[in-house]
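Next, two complexes with subunit A in common: one pairs it with subunit B, the other with subunit C.
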Partner chain A sequence: MTSTTALPDDIKSPGSVADPRRTSWPVLVVFLVPALAIYVGLTAYPAFRTIYDSFFTIEGLDATFVGLDNYRALMSDETFWVAVRNTFVWSFIAPILDVSTGLLLALALYAGVPFARFLRVAWFTPVLLSYVVVAILWMWIYNYDWGILNELLRVVGLGALAQSWLGDPNLALGALIVTHAWKWAGFNMVVCLAAIHSLPREVLEAADLDNCGWGAKLRHVIVPMLRPTLLNLYILAFIGKMKIFDLVWIMTGGGPLWATETVSTYVYKRAFNWNTFDLGYPSAIATVWFGVVCAAVIILNRVLASKDRLEY
Partner chain B sequence: MALFSMLGARDPGATPLPRLFARGGLALVIGAYTIYTLGPFLWLASMSVRTTGEISLDHYAWPSPFHWEQFRIAWVDSNFATYFWNSTLVVVGAVAVVTLVGAAAAHALARYRFKGNRLIYAVLFSSIIFPPQITLISLYQILVDYNLYNSLLGLTLVYISLQLPLTVYLLEGFFARIPQDLFDAAKMDGYGDIEIFRRIVLPIGMPAIATTLILNFIQLWNEFLFAVVLITDPDKRTLPIGIRAFMGDHFQDIGMIAAGVMISVVPVILAYIFFSEKLIRGMTAGAVK
Partner chain C sequence: MRWGRFGCAVAAAALSIGCMGPALAQPAQVNMWSNWPDEPAKKDWVSARVKEFEAANPQCSVKLSFIPKADIYTQAKSAVRTGQAPDIFYLEPDQPEFLAGGFLEPLDSYIDLSGLEDWAKPAWTSKGKVYGLPVEAYTVELYYNKDLVKKVGVDVPANFQLTQAQFADLVKKGVAAGITPISQGVGDRPFPGGLLLYEALLRKLGPDDYGKLLDGTLSYKDPRVIEVMDWVKGLVDAGAYPKSFSTLKLGESHFYFYNTPGALTFPDPSWFTGRAFAPPESGGMPANFPLGIMQFPAMDGGKCPECKTLAVAGSFVMYSKSKNKDCAGALLKSMATRDNGTKWMEQVSLQTGLASDPSKIKSAHADYFAELNARNKGVKYFFGTPLFHYRAKCAETYTQVMNNAFPAGLISVQDAADKMNAACFKG
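Let's turn to the complex of A and B:
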């Protein structure tokens, strides 16, 4: 992740005495210390403290050392495992929906439809709305009595299919995934579009000369060449969904019957909402999840990126 | 696959499909998707200028007359003015500080060679994948310890730390592309390191800095989780948690909720109208390859 961004002129610049790429320590301190202080004080220290806290039961100001008890309790905590399952379903499957929608939209724009500029801006708009706004909007869309989804079903004579979309344990998670995809498809679209535009023209033109249809062109030329971008998008979407909180919390609060409980909402409930007055146990959940997210990102990076990079 | 062959309609090299049909099909799909993205938002906008009584008669009617006073009521009587100014204070403060601090660090990391450069970069950047809970619970305790819990200053500090990785990452990428010749020339003219930063990096990097500013602004304006944990006092609520609290108390008052939501969305939409290109570029900068 880091070595690829190394400065290009590193190699070229001679190691002369007045090397402009070197500077004195005080200058570096002035530039770097504010950022590092913020990082250490408000990111690194709290992270370590959470990990440390996970070995205690913390009630108010009293901390009692309990060793691995929190972790043992966690292993047999059914709600936690339901939350893990839901979050995994969401994180692994939903990105496919996001990225493929984004790619199709980008292709539609690339194919040269009229008003492409307007459409790009319009399709991107949901990305900018806050989760609170998106959640409220979609709670209304899913409303049983007057939500637009059920209204549409009734208009076309399928009123029998009208559902309480967020109230049914079998449907709630799917309903949330659709809402989340609605918000993020536009982001995937603009990234795919930028990547398509940076593809070398000759290759696409050669495909045209070979009388390659769009289906074949997509399968054999565009998708393979966009592979790195698509994988990046998948990983970005994956990370986002492993953290998902706002949307769930506002729309369903994790219900009905834990059907939409995610790890984030469960941590929040245990730490701040259930009045269990123990910050140690939620710290243990947060620690485990921290490890899982980091491991998943590293593994995904390895597995997906190690496949031979396409050269062009 | 049907959609892909429709896309071929405007492509001279593709097999000649029944073009009108194909083009019509593509237009239909595109039109439907546009309604899908913009429709809910327009629906929300229409409800914000209707009273709840009117809305419950017909949720999809055109507003007549336009009840602009809904916004005045939301602003004055429903406390949205307080939420709005709290949000403005916290977000503007955090964005200003994080951009300055992040730009300084990004410049040092992009320009100077020193031991540990890439390590510092990696450490700062890697926290971008941290799930928020890992810091959330402890930040709550820390802010309580330092009497910053339930204060806008505390929330501002936390917001600065939340946006730091992204800021450093984006600006480092841009700053590294400023040609070294400029710096060599400036050194020869006797510029000091701080002067170089102030008089060369900041002006030349302004487009990138502007992108980062807008991006940070929108992300923090929309932030919910840390605000809901770290703020409990109703007078200190920011817009996202203010709207959520209002909705909790007045679940049925759809017209007023819609007006409040519109108040929270307007700054973002304004930023988007003026800077849509910059914003889209900023958000895509990290993702392409």
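Let's turn to the complex of A and C:
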């Protein structure tokens, strides 16, 4: 006797081509091959080729296997370590500035600041600008002679504080971090604003009923509930800053005295500005840094991720 | 029958296409990348040579692109490896990796070498072959504003060379008068900040020891080097350079010198003219600007006060894997003539590594040329700026330390010498 609840034979096996949830291999191939080809050609192959090249010295068209020599040289390369330090400072500290600025702007809009619609557009606009435009704009702002920053200081009688913001090794990195934060504050604002609007209204109303003030509500209700969003924004910002290149290259070229050198600018210099065609050494830097970025993201996720899942 | 007619028609069509073949043959296209998109005189000179060549050689056409130098280098470095580099491209002798990598074609069999100045050939000679057409050559000059220098109370002597103390005095008087003594900026260039220091070192050490300093066999701790660095540090601390020195770009430093706010002096290679002689409305020098050229100061106890740096800059090279070597070679040959060298000097008001005939130069800037020639009479040339000699980490350290940090007052003499020795000294 056959059970009436038994599945027909043709859908018993999930791998069967007759499974209506599965398509046939030719169709799968047609859909997968273009994406896979692009991924392999433009991501996987260059990544593996970079790792492969890092074991060679490549002069002109000749490649000489050097084993781990490039990695050994890297360990004693002072400029590399300066670049690592600068990149870490930028990557760990600047995202705090980015995310907190974005959150403050979002809260301002959420609280109904006057001209909110205009401000939302105005604050988001820098996100749409290319790094080149942002860099040129801020080079004007930071200009010693006629930049608006120094002019403002002079106007308010603080001319003694006027600085060569990009020319002083003690200030240049900070100046770049501020520029970068200005560009991305709008993005963080939009994400935070969307997250705030999706917070459960009953929780916020309950806080209001308990006479919870704005500060306490922010600290004890909004920020904890936004934690996953803020964490994701932090990690996104972190990854972006670990790879930062354009802004630095245009504004300071890594100077003065390597004060703004990042790993990416150093890789570029070694690859294209070093009077050599050798891609082995820059490949070794890129390989090491790829590992560092991956490890840092995993560690950050582990350390910062909340073990208590928020449910609402 | 129908098939027969169809066959005939196909055959006729094929024949007619075959007959049209030669008529439709395209001229071989030479791809050429030139620098100087923002320097009208040089751009015009290159464009005119290409047009003349195309008119005389209908079998060749030229696709000429003007691209900023840094972009040419970056793109060419990728393109030469993949066989996609242009047939002819702009290069300067301070990029030796192209030659070392085997990416340049020797030009000996393509051009008439008598069309090049003898002193310019070594810049592009390797193993007895010449690899580049040295179009642009220059000397390092010290331009000054005659009126402002007079205004601060300094008389330039008859030999147009101040002593080291007189130059320091000029700087101090400029600062006291609220006039920037030296217009210079390193915002977009790796070399201008070192011009004053290295010209001073050349005059102090003489060409032999200066050559040793640049090839890493003389230490930056040599007392003579330290003495010159101390002197320059004194000028820096006195306020010789603009406050915006680190971010001021080369084009802006021109404007700073001959326009707003104005400066007493402007150390610059003699390619100064490329920007300065552009129309004033395009940022060029005002027509009545009181331009003068003086020698860099003579150092106390200097071995060679009459020394000066001479170098080859903008040149054209042929890609060794070019598929149009005949046309590319013919184009370079057509450029490498005495007549074209004369035209370059006439139009650009700048020296050239091509042979030239100064007696035939008719230029609107004849006075300038006369003064430049006068300042170069009897001088002893040293070939190549520091970046022509320095490579890799040493070049990068020069850029960061001697070009930027030291003249910006960010680093002491000892620290600067230590960093340069660590990167460059082979002793």
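In this section, the second predicted complex is superposed on the first by the 290 of 312 C-alpha atoms of A that agree within 3 Å, B and C clash if a C-alpha of one lies under 4 Å from a C-alpha of the other, contacts with A are read in each partner's own complex, and residues count from 1 in each chain.
The working rule: a contact is a pair of C-beta atoms (placed from the backbone, for glycine too) under 8 Å apart; a residue touches a chain by one contact, two chains touch by 3 or more.
All values derive from a computational prediction rather than experimental measurement.
By the touch criterion stated above, A:G167 is placed in contact with subunit C alone, subunit B being left untouched. Contact with subunit C, but none with subunit B, is seen for A:L257 once the two complexes are overlaid on the shared chain. Look at A:A47: by the touch rule set out above, it reaches subunit B but stays clear of subunit C. With both complexes superposed, B is the one of subunit B and subunit C in contact with more subunit A residues.
Contacts of A:E59 after superposition: subunit C is touched, whereas subunit B is not reached.
Applying the stated contact rule after C-alpha superposition, one finds that A:F272 touches each of subunit B and subunit C. Contacts of A:V156 after superposition on the shared chain: neither subunit B nor subunit C is touched. When the two complexes are laid over each other on chain A, subunit A has residues 272 in contact with both subunit B and subunit C. Residue ranges of subunit A in contact with subunit B, taken from their complex: 1-3, 5-7, 9-10, 13, 18-23, 27-28, 30-32, 34-36, 38-39, 41-47, 49-51, 53, 104-105, 107-108, 111-113, 119-133, 136-138, 140-141, 146, 148, 151, 182, 186-187, 190-191, 194-195, 198, 208-209, 211-215, 218, 228-229, 232-233, 236, 239, 242-243, 245-246, 249-250, 263-264, 267-268, 271-272, 279, 282-283, 285-287, 289-290, 293-294, 297. Interface residues of subunit C, counted against subunit A in their complex, comprise 73-74, 77, 81, 94-97, 100-103, 242-247, 261, 391-393, 395-396, 399-401, 404-405, 408, 410-411. Touching subunit A in their complex are the following residues of subunit B: 1, 3-5, 7-15, 26-27, 29-30, 33-34, 36-38, 40-41, 43-44, 59-60, 101-102, 104-105, 107-114, 118, 120-127, 129-142, 157-158, 160-161, 164, 168, 172-173, 176, 180, 183-184, 187, 193-194, 197, 218, 221-225, 229, 240, 243-244, 247, 254, 257, 261, 264-265, 268-269, 272, 276, 279-280, 283-284, 287-289. Listed in rising order, the residues of subunit A touching subunit C in the complex are 59-61, 79, 139, 142-145, 164, 166-169, 254-258, 269, 272-277.
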